[in-house]
Amino acid sequence: MVLAGALVFFMQAGFALLESGLSRAKNSVNVIMKNYADLCVGSIAFCLVGYGLMFGNNPSGWLGVDHFLLSAVEDPGEYAFVFFQIMFVATAATIASGSMAERTRFGGYLFGAIGICAFIYPVFGSWVWGSYYEGSGWLGEMGFIDFAGSTVVHSVGGWCALAAIIILGPRLGRFSSGGEPRSIPGHNLNYMALGGFILWLGWFGFNAGSTLAADSSIGLIALNTHLAAASGVVSIVTVSFMFGEPVLARNVVNGGIAGLVSITAGCASMDPWFAVVTGFFGGVVMMAGDQFLEERQLDDVVGAVSVHGFAGAWGTLAAGLFLSGQLFDPQVIWVQVVGVCAAFVWTFPTALLMFFLISKTVGLRAGDIDQRRGLDYSEHFELGYPEFQQTALHGK
Amino acid sequence: MVLAGALVFFMQAGFALLESGLSRAKNSVNVIMKNYADLCVGSIAFCLVGYGLMFGNNPSGWLGVDHFLLSAVEDPGEYAFVFFQIMFVATAATIASGSMAERTRFGGYLFGAIGICAFIYPVFGSWVWGSYYEGSGWLGEMGFIDFAGSTVVHSVGGWCALAAIIILGPRLGRFSSGGEPRSIPGHNLNYMALGGFILWLGWFGFNAGSTLAADSSIGLIALNTHLAAASGVVSIVTVSFMFGEPVLARNVVNGGIAGLVSITAGCASMDPWFAVVTGFFGGVVMMAGDQFLEERQLDDVVGAVSVHGFAGAWGTLAAGLFLSGQLFDPQVIWVQVVGVCAAFVWTFPTALLMFFLISKTVGLRAGDIDQRRGLDYSEHFELGYPEFQQTALHGK
Amino acid sequence: MVLAGALVFFMQAGFALLESGLSRAKNSVNVIMKNYADLCVGSIAFCLVGYGLMFGNNPSGWLGVDHFLLSAVEDPGEYAFVFFQIMFVATAATIASGSMAERTRFGGYLFGAIGICAFIYPVFGSWVWGSYYEGSGWLGEMGFIDFAGSTVVHSVGGWCALAAIIILGPRLGRFSSGGEPRSIPGHNLNYMALGGFILWLGWFGFNAGSTLAADSSIGLIALNTHLAAASGVVSIVTVSFMFGEPVLARNVVNGGIAGLVSITAGCASMDPWFAVVTGFFGGVVMMAGDQFLEERQLDDVVGAVSVHGFAGAWGTLAAGLFLSGQLFDPQVIWVQVVGVCAAFVWTFPTALLMFFLISKTVGLRAGDIDQRRGLDYSEHFELGYPEFQQTALHGK
C-alpha cells in the first residue's frame, strides 16, 4: 500500500506537467507553485480535519465525527491507510488546478484547495467509503460501487473544477467578443505527454493499491486499468477520423486519462473486454464534454471537467452496467445513478458557493494586465525560462 | 508482478523522451503520437491475437493455437501475467519507433507496430518462453537462456528497426550526395537524459519482475542489472578516450542502455563481476554497431539497432559464456548461438517484407517537403513549442 | 527492498533535473554528464572498495576490513542489500554535484565523486551502521539514531559540497567585486519542479526501504516522510511572508527537500505531528543556511549545503528531541550531538583536503572563458538545445 501510495503521489508531478505543458510559458511557474502548494497545504488540512470527517466513526452515515488531528490512531497499520488517503485527496484537489490555469490568483486558489481537502471531498467520501472504524456511509450501505473513486475522487474533483471556471470566467482572449472560441496553444506538448505517462503509471497505484491487499484480483485490476486507457486513446483516434478532424495530441493524452478515470469505479468487478468498452466510451464522453463546455463559453484549460467529471460519471454507470455476474441489472444501475447524482448535488453547489465567496473576499481572478504579463511575473516575480522567454518576447 | 509491470510500462515514457530529445523540435509531437499510439494499438492487438500465438497451448513448439481474445482465462493470476506481457510487447514495438524517427508517416508506422505486436514478436516468443499452459517452445526445450528477453524482446525489436530503416532510407540531409555522414543534433539532450534514467528505472521492473516470484534471486538480478548499466557507461568513456573522441552525451546514455540490454538474458544466472564484463562489452558492441551502420548509410536516429539488436545478441551470448557453474561450456554457448540466429532469421526478413508491403500500400516515408517542414506540421497540424519555435524559425 | 532501491535510484534523475533547471542552458549537458558519470563510476568504486570499508567485518568499530570486491558474499539476500546501499552512496555523491555546478571541470569532479564513494562516505557509515556481519560501529553502539541517513547520507554529502565550493570559489559574476550577491537564474524551473517531485517520490523508497522488512512501521515512516516534506514547503511560505519577501519556486522545492532530509533520521521513531514540526524547522534552517552562505560569498548553485548539510544536522537532533516515548531526554540528545559533530569533523576536513589536492593536480575550476562559453561547449563539445540556443545567442 505504501508503494502504491508513492505512485499515486507521483501523479502530482503528472498533473503539474500536463497543466504546465497546456499553459503558456509565462504561466509555468504559477502552475508549479499551485501544484506544490495545494499538495502541501491540502495534506495538512486533510490530517487536521478531513480525515476525521471522512473516516472517523460515522453513526449517521452522513459524516465522521471523531479522529480529527490524527488523534486516537491505535493500530499502526492505520498510518499506511492515512498515507494512502492523503494521496487520494491531493489528487481530487489538484484536478481543479488545471481547469483554472492562466487566470487565477495564487492566494484565492489556495483557499479553494483547502476547502476541497478539508470539507467538500471528505464529506462526500464519508457517504461512500464510510469509516475505518465503525459505521459506514449511506451510499456504501446501498451497495454503490466505486472501487477506487471514479465518483469519489474524479467526479468530485471535476465538479469543483466546473464550479471554479464558472465563477472565474474564461481567459482573456479565449473567446471573441462575438463568443467564437479561439484556441490558445500550450507551450510544451512534450511536458503534456510526459505528464500523461506519469498519470497512467500512477493509476496502477491508484487502482491496484485500492485492494488494500495483494491478492489475485490485483492482476485483473491492473489489466483492466491498462486496457481502458489504451481504449480511450483508440477512441479519440476513431472519433476524430469519423468527424474528419485532426487527431490532436492533447486529445490523445486526455483520451487515455478519460479511459483511466472511467475504469476506476469498476476495475475490480468487470471483465477485460468490458473495460475496453468502458474506456472507449470514456474517450467519447470526454470529446463530447469538451464540445459542450466550449459552446457554453466555459474555458477549461486542461479539459479536467470532461476528463474527470463527465468520464467519471460515465465510468460509475459503467461499473453498474458491466458488473461481472450481474450484467445490466436495473437495481444495480439505479444505485449507481443515485451515487452519481448525489456527488453532483453535493459538490457542485457547495464548490460554487465556496469559489464565489473566495472571489468576493480574497479575490480569485487575475486582472487583465496581469494575465497579459503572465502570472509568473505578476504573482511570483519569476520567469520559468529566463534565457528563452526574453528572446521570445523581443522577437514578438 | 503488477508493480514491476507498472515500471516496465513507464519505460514507454523513457523511450518517448529519448526519441524526442534526439529528434528535432519540429518532429517532437510526432514522437509523442507514435509512442502513445503504438502502446495503445499494440496492447489491444496483442490481447486479440498475439497473446494466444505466444502463450496459448503450443503442441508443436512453434506456435500457440488458442487463448485468443483473452478467452479461457481460468486462473485470476493469469491476468497479472497478461498485464506484464503486454508491457513487454509494447517495449519490443516501440524500439523501432526511435530508429524510424523524423521521416516516417504516422499511418504506415502504426501498421508496422500492429504487425510486430500481433505477429512477429509473439511467434518468436512462443519458441522460447513457450506456453502459460501446456507445451513449450522448441528453443526453450533446447535450454536456450534468455531470462528477461535480451533476444526475445530487444534483439527482435532491434531487427525490426533494422528492417524499417533499410526500407525507409535515411533522413533528408543525413548523408551528403557523396555519402559522407552529417550529424543532425537532437533538440533537447535533457529529455534524452531523463529518458535514459526512466529506462534504467523501468529495467529493474523488467528484469526483477521476470522472476515471477519475489524470492532471494531478485537481489542478484537487481544488482547485476545496475552494474551492467554502470559498466556500459564506463565502457563508452573508456572507448571514447582510447580513440581520442569526445564523450558524447548520446553515447553515454545509450551505453547505459546497451549495458541493460545485454544483461537482460543472463541477469539471474551470472555473478556480479561477469555482469560488469557483459555491460562493458555491451557498450563496445553498441559503439561498433553505430559505426557499422553509419558506414552503410543506414540512418538510425536513436541508435536502437545497435543498442537493442547488436547488444541484445551479445548479451544472449554472454548469458551462455558466463553461466554460473558452467562457465564457457561449449554446449551452452552453442544453444545461445542457435537462439540468436533464429531470432534474426525469423525477424529480419519478416519485418523487411512487412515494411516493404506497407511502403508500397499505405506509404511509409514522408515526402521531402514534409520532412523539411517537420512531421508535426505535416502529419499532426500542431507544433510542440508554439511560442519558441516561431521565434526560432524567424531567427533563422 | 529491490523496489525501494529502484525508487532511490530514480532520485538520480531528480537530482539531475533539479541541478539542470537551476543552471544556465549552456551548462545543461555538463549536468547530465556529471550525474550519469558519478552514478556509474561511484557504483563500481563502492563495490570495489567502499562496501567492504562500510559493511565488512568491523572489529574496531571504526572501519570494515574485508568483503572488498563483493567477495565472500554467501547469503543471496546480501545482493539485495548491496544493491540498496549502492543507491545510498550514489545519493551522497551526487549531492555535491549540484553545489559545484557551472564552474567545475568534468575530470576533477569525477575524482571527487570516486573519493566520496570509495572512502569518505563508507568510513563514516561504518561508524554508524556497522557491519552486515559481525561487529558494529562505535556511534551505533552508543545508540546514535539515524534511521535512513539524515547524517550518514545527507549531512556527509552536504559537508562534502561545502568543502568543494570553498575550494572552487563562486561562479564568475555571482558576486560583484564589492562582494554584493547577484542572482543567476536557472534556465528551466519546470525541470527543477519535476526534479523535486521525483526526489520526493524516491524518498518513500529511501525511508520506507530502510526498514529492511515490510512490517507495520512502514505506514508511519511513509506518513512522517510525506508530512515533513509538506511542512517544509509550508515553512518556506510562512517565513517568506513574515520577512515580506516573494515566495520563490526554488525555495519552495528546496523547502520540501529540506523537510525530507530532516525527517530521514527520525521517521520511524516519532509521532506524525512531531514530523510536521521537524519538517517545518527543516525549512527554516534551510532558509537561514542559504543566507549564511551567501553572506560569506559561498556560491551553492542548488542550495545543497543548506538542504542536505544543515537540515540533515537539524533532523538528526530532532530525531533525539522527539524520540517517541523518550521526549527531550538529555542523554539521547547528547548522543545525537556527538554523531552530528563526528560527521562534520570527519567529512569536512577530509573533503577539503581531497578537493584541494584535486585542484592542484587534475584541476577543478573551469577557466573564465570556459565559464562564459559554457561547460557544454568547453568540456563536452555539445549543446543541450542546439536549435534554441543559437537563436538565443544571436538574439542577445
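Some points to look at:
By written order: A, B and C. Residues from 1 in each chain.
Going forward, a residue touches a chain if its C-beta (ideal position, glycine included) is under 8 Å from a C-beta of that chain, and two chains touch if they have at least 3 such contacts.
None of the values given here were measured: they were computed from a predicted structure.
Between chain A and chain B the CA-based rotation angle works out to 120°, given as a multiple of 5. Two copies of one sequence, chain B and chain C, touch each other mainly through non-matching residues, since under half of the numbers at the interface are common to both. Measuring from the averaged C-alpha position of chain B to that of chain C gives a distance of 34 Å. Looking at chain C, residues 3, 188, 388, 391, 395 sit in touch with two or more other chains.
On chain C, the positions that touch chain B within their shared complex are 1-3, 5-6, 9-10, 12-13, 16-17, 20, 28-29, 32-33, 35-37, 39-41, 43-44, 47, 69-70, 76-83, 86, 188, 191, 380-388, 390-391, 394-395.
Residues of chain A touching chain B in their complex: 3-4, 7, 24-25, 185-190, 193-194, 196-198, 200-201, 204-205, 208, 216-223, 226-227, 229-231, 233-234, 237, 246-249, 252-253, 256, 272-273, 276, 388, 391-392, 395-396.
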